[in-house]
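Structure first, then comments.
Each chain carries a letter (A, B, C and D) given by its place in the written order, and its residues are counted from 1.
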Amino acid sequence: MDFKDTPEEAAFRTTARAWLAANAPEFELPAGVHIEDAEEIRLGRAWLARKTANRYGSILLPETYGGRGGTIMEAVVFAEEEGRYRLPRGAYVGIGIGMAIPTILKHGRSDQVERFVGPTLRGEMTWCQLFSEPSAGSDLAGLRTRAVKDDAADEWVVNGQKVWSSWAHLTDWGVLIARTDVSVPKHKGLTFFVVDMKTPGIQVRPIRQISGLKDFNETFLTDVRIPDTNRIGAVGEGWACAMTLLTGERLGQGGEGKDRGIIDLIRFAAQTPRAEATALDNSAVRLALAGAYAEEQAEKHFQARLRTMISRGENPGAAASIVKLIYSNRYQKTSGLAMEIREMAGIAHAPDDTFTPELWYDYIWSTALRIAGGADEVLRNQIAERVLGMPGEVRTDKNVAFDKL
Amino acid sequence: MNFDLSDEQKMLGEQARGLLSARSTFDRLRALIDAGFEWDEPLWRELAEMGFLGAAIPEVHGGLGMSELDLAVISQELGRANAALPFFSSIVLAADAIRLAGSDAQQSEWLPKLARGEIVACFAYAEGSAGWTGGAVKARLANARLIGTKTPVADGGVADIAVVLTEVGGEPGLALVRLDQPGVTRVKLASFDQLRAHYSLIFDGAAAEVLDAQPAREVLDQLFDRAAVQAAFEGVGGAEACLYMARDYAMERQIFGRSLAGYQAIKHKLADVYAGVELARSAAFYGAWAAADGGNELPAAAAAARLQAIDAFERAARENIQVHGGIGYTFEANCHFYYRRERTLALSLGGRERWADRLIAHLPDLRSEAPDHAKAA
Amino acid sequence: MDFKDTPEEAAFRTTARAWLAANAPEFELPAGVHIEDAEEIRLGRAWLARKTANRYGSILLPETYGGRGGTIMEAVVFAEEEGRYRLPRGAYVGIGIGMAIPTILKHGRSDQVERFVGPTLRGEMTWCQLFSEPSAGSDLAGLRTRAVKDDAADEWVVNGQKVWSSWAHLTDWGVLIARTDVSVPKHKGLTFFVVDMKTPGIQVRPIRQISGLKDFNETFLTDVRIPDTNRIGAVGEGWACAMTLLTGERLGQGGEGKDRGIIDLIRFAAQTPRAEATALDNSAVRLALAGAYAEEQAEKHFQARLRTMISRGENPGAAASIVKLIYSNRYQKTSGLAMEIREMAGIAHAPDDTFTPELWYDYIWSTALRIAGGADEVLRNQIAERVLGMPGEVRTDKNVAFDKL
Amino acid sequence: MNFDLSDEQKMLGEQARGLLSARSTFDRLRALIDAGFEWDEPLWRELAEMGFLGAAIPEVHGGLGMSELDLAVISQELGRANAALPFFSSIVLAADAIRLAGSDAQQSEWLPKLARGEIVACFAYAEGSAGWTGGAVKARLANARLIGTKTPVADGGVADIAVVLTEVGGEPGLALVRLDQPGVTRVKLASFDQLRAHYSLIFDGAAAEVLDAQPAREVLDQLFDRAAVQAAFEGVGGAEACLYMARDYAMERQIFGRSLAGYQAIKHKLADVYAGVELARSAAFYGAWAAADGGNELPAAAAAARLQAIDAFERAARENIQVHGGIGYTFEANCHFYYRRERTLALSLGGRERWADRLIAHLPDLRSEAPDHAKAA
């Protein structure tokens, strides 16, 4: 066991750090200010293009696809170093790199790999995800969007409604899962597509969120025609594709440099005046924040253990679920606590206070994190069933044709 | 011994609930936010007409002279509806401060106007993170002129007058200030609760009169204890609204072929929310009774009610969104009203620590009655 | 609403207090010392006899049965006053008064009422409960003890094993539920009996508990013959009888004067020296104990609300479940915390320290409380289903004959 | 970077686990309690023979000279088995204290005997509730004579020598005392953990030698940090044992016609226990690495490991009984071993508060690096 870099890792870190110092600053986002979505995505494309041109776009992908062909530890080193900057790395690039590419590489044909992987890595093709539906969230396989084959045109005609499609209003392509057969059980009648977001019949409407932001959308698909060449994997293989994609999502969660989290709150408490000198001199505050910090560090080291497993070719499977489960719950608790530490100033702030609005955003966004990408309850089920081997839920829908449910 | 509301109180609650559920709908709340309004002024007028504003104001001053428990019934319904009204500021805090600390003349001048809703008052106590206890208050009153900044002040934008916690001659004091005068500047703050706007009130020699029929030092604890009980009821109302929103949503949502409400993860979560709500309500009942009774149970009873209500509403507001899933994160789904109001209630009047300290300070004889083990300690 | 006594209640309290002051001291148990079981039960019988002779044995039962015919508020007043003394009121009297008598009164015939109620109230007949079995705890209706009718003798022949029968080794009679029909679904084939514990074939063996005590037993029944006259209610009506009995249990829970609980821990913290003067000057300790005290008081007032409902003839039903759920969890948390407040002295104590062993007993007994008389999980189910109206568990055993399960 | 045990360490763990699961069965533990034994002496001899006792003792002093991580692997297995052995007292604390603070001569004299298990040592630091930091230590050493009472001292009954935290000339010091001499009285205490007996050691002029190759003030923090890491592994082992006991019981228990393990209430409870165990293990790994590395990460890493391990074991020990239901309350069901050991581990070495303080004291630059908000505070 060694928590320090090997000489090779250290050398790579030095190189990467120098390269970042020379290149990252011009792409940094301003602190505490939300820039226009279109401007952010433009910056994001440019930063990804710059990275890929220098073999930093994907550390793990082979060089033939435009990656570096590096090790998972190099990927970790680069993410840590990149995390020191406030860079545009939102879902508009993350879905492409972390979800679309792995799925196309595993399930797609070589011409599809050719068409999509390079442009995505170069920031020329941005992606959104058309998965969840109003009545299919945790129960994704219950989705109702229909794709019907028009054999004459060799196209699929798609109708339905998707939600929570982040950045769908500004991205080029979408990964889509749709039902192509209602006469088989729900998991078996699904097929996976990629769709050009400029296709006629796609209407993207922003969803007003409780945070005040509108960066998620609902996407209505009306007689959208998708050529069969944009189908990834076989007809009916959609669930397997979706699982590949979501595994990419799960391993990506919490992977970015989140070190600043609790230490920032502890600093903040140390600087908040109180009867006992500062809020951090209060033992209840100290106990709560030390516990949160210990948990955060433990989680970081747990993720390190997962990466060691992956680097050996082992699959950590559902054990990885604890990262987001623990993280999002701690995030809600500590951001709520930080507001309390601020006392009355925690509920209303002056224009020159840039920290309080961050706490507010955290406290609100934590509710989404406890739901998105596997709700608390789903993650606990996965851990119990897949790691501890406990029985699955009583299911009444598993072997019944979708149209008989 | 009788631990329930009277039939009259239940009727009063139903009346308030009927009015609010008809007028202060979620659609209405969203419309107020979109219009940038800081309160639901027409609804305030209706409340005034129905006598709700003056419920606990003495009859001689134009109110109905009802008890703290009647007022609490109204507070609970305002919490349930998440109403956009300055009731807590104008009635629970400011009017009560005038009643407790004002002279007969001051009471006669202001309470009838507050009861009729002709004017709105805010109560300005905090001065930022620094709190307002001990030596923290920097605002100063001298020669009937007030100097200092109070922030944040709930409903400071819609108020006509403010009752201000200030120093008067080295002692804490309460001053009454008209806000429509040159020596007053109001600066609107960003507020976490989109339906309860907060302001900084900057006093630069504003004319002010002292409320000094009773020493403020004695009035303040009492005022905050009484307000804590009303805040607890507001929190219980909000928590209960969250509980039943979540329950109803889970009942209609289907997942994996059956009702979401049939899963133990959801059932047990809501059972815990229910337990929290009922315990908090019980503590609040006792607090309101203690306030009405006027005995020395109030400080501990108010503190216990406050602590239980903060816990209950916090849990209910968080888990309500969780049970709703993704839809709960949309503005249209209405969970957010409670999620924001909850923090506002929890952080007003001093948070958990203040009330934990107050509770322990008012327990009987902690150091004198030695239990058996003291010998062996 | 009035948390004070009415004039009538105050008058009753004065009378009861004076009577207790004159009578209770001679029956008090010594503090911090466990006396012999047989001695405790002897004291318990004598105290009950004394109370009943003075119409305090049961405040609620009508005078014709030996009670006082009082109001529920009088019962509360008496319990509060009696709670000031350390009296022998264990399960050996509680099961008789709170469970056997209500069940016999509701389901029994008048000759049965005659035979059992008076002697029980006078402490002449003590009771234990033969309900739970090794494989039937939370799922009581799954019990396997069989009772087969011997029509010739008009007797039932009972075979099976019961567990958790408190005081079965020293009590006179038991309330027993047994399966009389295996060909019907599990809830429908049960019948309720009372059984003389001296009947041949009953063998009581103490269970060694994790607390070190042995006051619970397993009871083996081998060809135990119970005359049909000791059957309570109709054949197959056992489940209804059990529900009557368990309702008595639920309403009794937490009903005794538990006021001393958290305030004792707060006093204890106030007297434990620390860097900050005392442990109670530590804000983390203060916050935790104030929260626990507030919850304890809230629970007390919640129980008061339940009693007001009952006094009006309303049935609080499953809402009452929150009392034990909240209580037992708080009890575990606060007794664990109190051990921590004691620091190293919390894990080993000198002979003259009588408080630490109480904390230990609390911390261990709390685990039993979270299980017995409705486990946490059962109580949450009840609240969700019966109060909030949420669907019951998916059940596969409900309409199937017991012998087909 | 490599965040896993080496193959050799895994083998070491399997070896220890194999031995303990064969020798230190629950039946054996119950028999030890019934016989009133304070330790499993034959097992201690076996551990010594297999080299486990000397694993982290330098080779020059008769040990194997392995790392803190190797020792941790053994601690984890001792925790899993809930073994009745004075390993934590004699090896983790006392031997390490001698190694850190003793002269070469003292090390040569005592470490080989400890490594071979010829003698057992205890480590006497506490003086009742008063703790042992700051001015709390009342024991005094003067003219090589020790006066004072240390209590409670784990394994004080089976130990041949004690390393004692005492005052020496106004400074904290560590003294080594043989327990078989007239100036020493051992008083057996009632211990919560039935497999770890505690004593009061009363020193009334007992002959003692000072360990003063390094100042005790510097050694003590390091010693406790290192011990905290081992205690964390012991806790992780115990917590994991609880997790799988509970899982296995739930899998075989049928309730309402199906497996108890199929209910979400049980599944989610154990998923949370699992998460706690894995986080605690991760924190403990880092702590052991930091101890072995010798850098300045140790204090914060040890504190984090300790805090996580206390939380994880507490939850696991409590919920293990809960999942077992009534049977979990019986002595025969074995859950109680962990329920008692958990408190003993949690309260030794100072509880949560001490380690929270230590963690925060060792974070970088809390007051100097002002985040953005400081301007607005």
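One rule holds for everything that comes next: a residue touches a chain if its C-beta (ideal position, glycine included) is under 8 Å from a C-beta of that chain, and two chains touch if they have at least 3 such contacts.
Because the structure is predicted, anything quoted here is derived from the model rather than measured.
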Contact tally winner between B-C and C-D is B-C
Most remote chain w.r.t. Chain B, using mean C-alpha positions, is D
Suppose each chain is reduced to the average of its Cα coordinates; what separation in Å results between chain C and chain D? 39
So, in whole Å, the Cα centroid of chain A is separated from that of chain C by 52
Nearest whole angstrom, what separates the Cα centre of chain B from the Cα centre of chain D? 49
Of all residues in chain D, which are in touch with two or more distinct other chains? 129, 258, 263-266, 268, 352-353, 377
Contacts with two or more other chains occur in chain C at residues 272-273, 282-284, 286-287, 345, 349-350, 377, 380, 393-394
State the interface residues of chain D toward chain B in the complex, per the touch definition above. 129, 263-265, 268, 377
Please name which positions on chain A make contact with chain D in the complex. 1-6, 9, 31-32, 73, 76-77, 263-264, 266-268, 270-273, 280, 283, 286-287, 289-291, 293-295, 297-299, 301-302, 304-305, 307-309, 319, 322, 325-326, 345, 349-350, 352-356, 358, 377, 379-381, 383-385, 387-394
Please output the residues of chain D touching chain A within their complex, sorted ascending. 1-6, 9, 69, 243, 247, 250-251, 258-259, 261-262, 264, 266-268, 270-272, 274-275, 278-280, 282-283, 285-286, 288-290, 293, 301, 303-305, 307-308, 311, 352-353, 355-357, 359-360, 363, 366-367, 369-377
Residues of chain B that touch chain A when the two form their complex: 126, 128-131, 134, 151-152, 187, 189-193, 198, 200, 254-258, 263, 265-266, 314, 318, 321-322, 325-332, 335-336, 339, 343-344, 346-348, 350-353
Can you name the residues of chain A that touch chain C in the complex? 276, 282-287, 394, 396
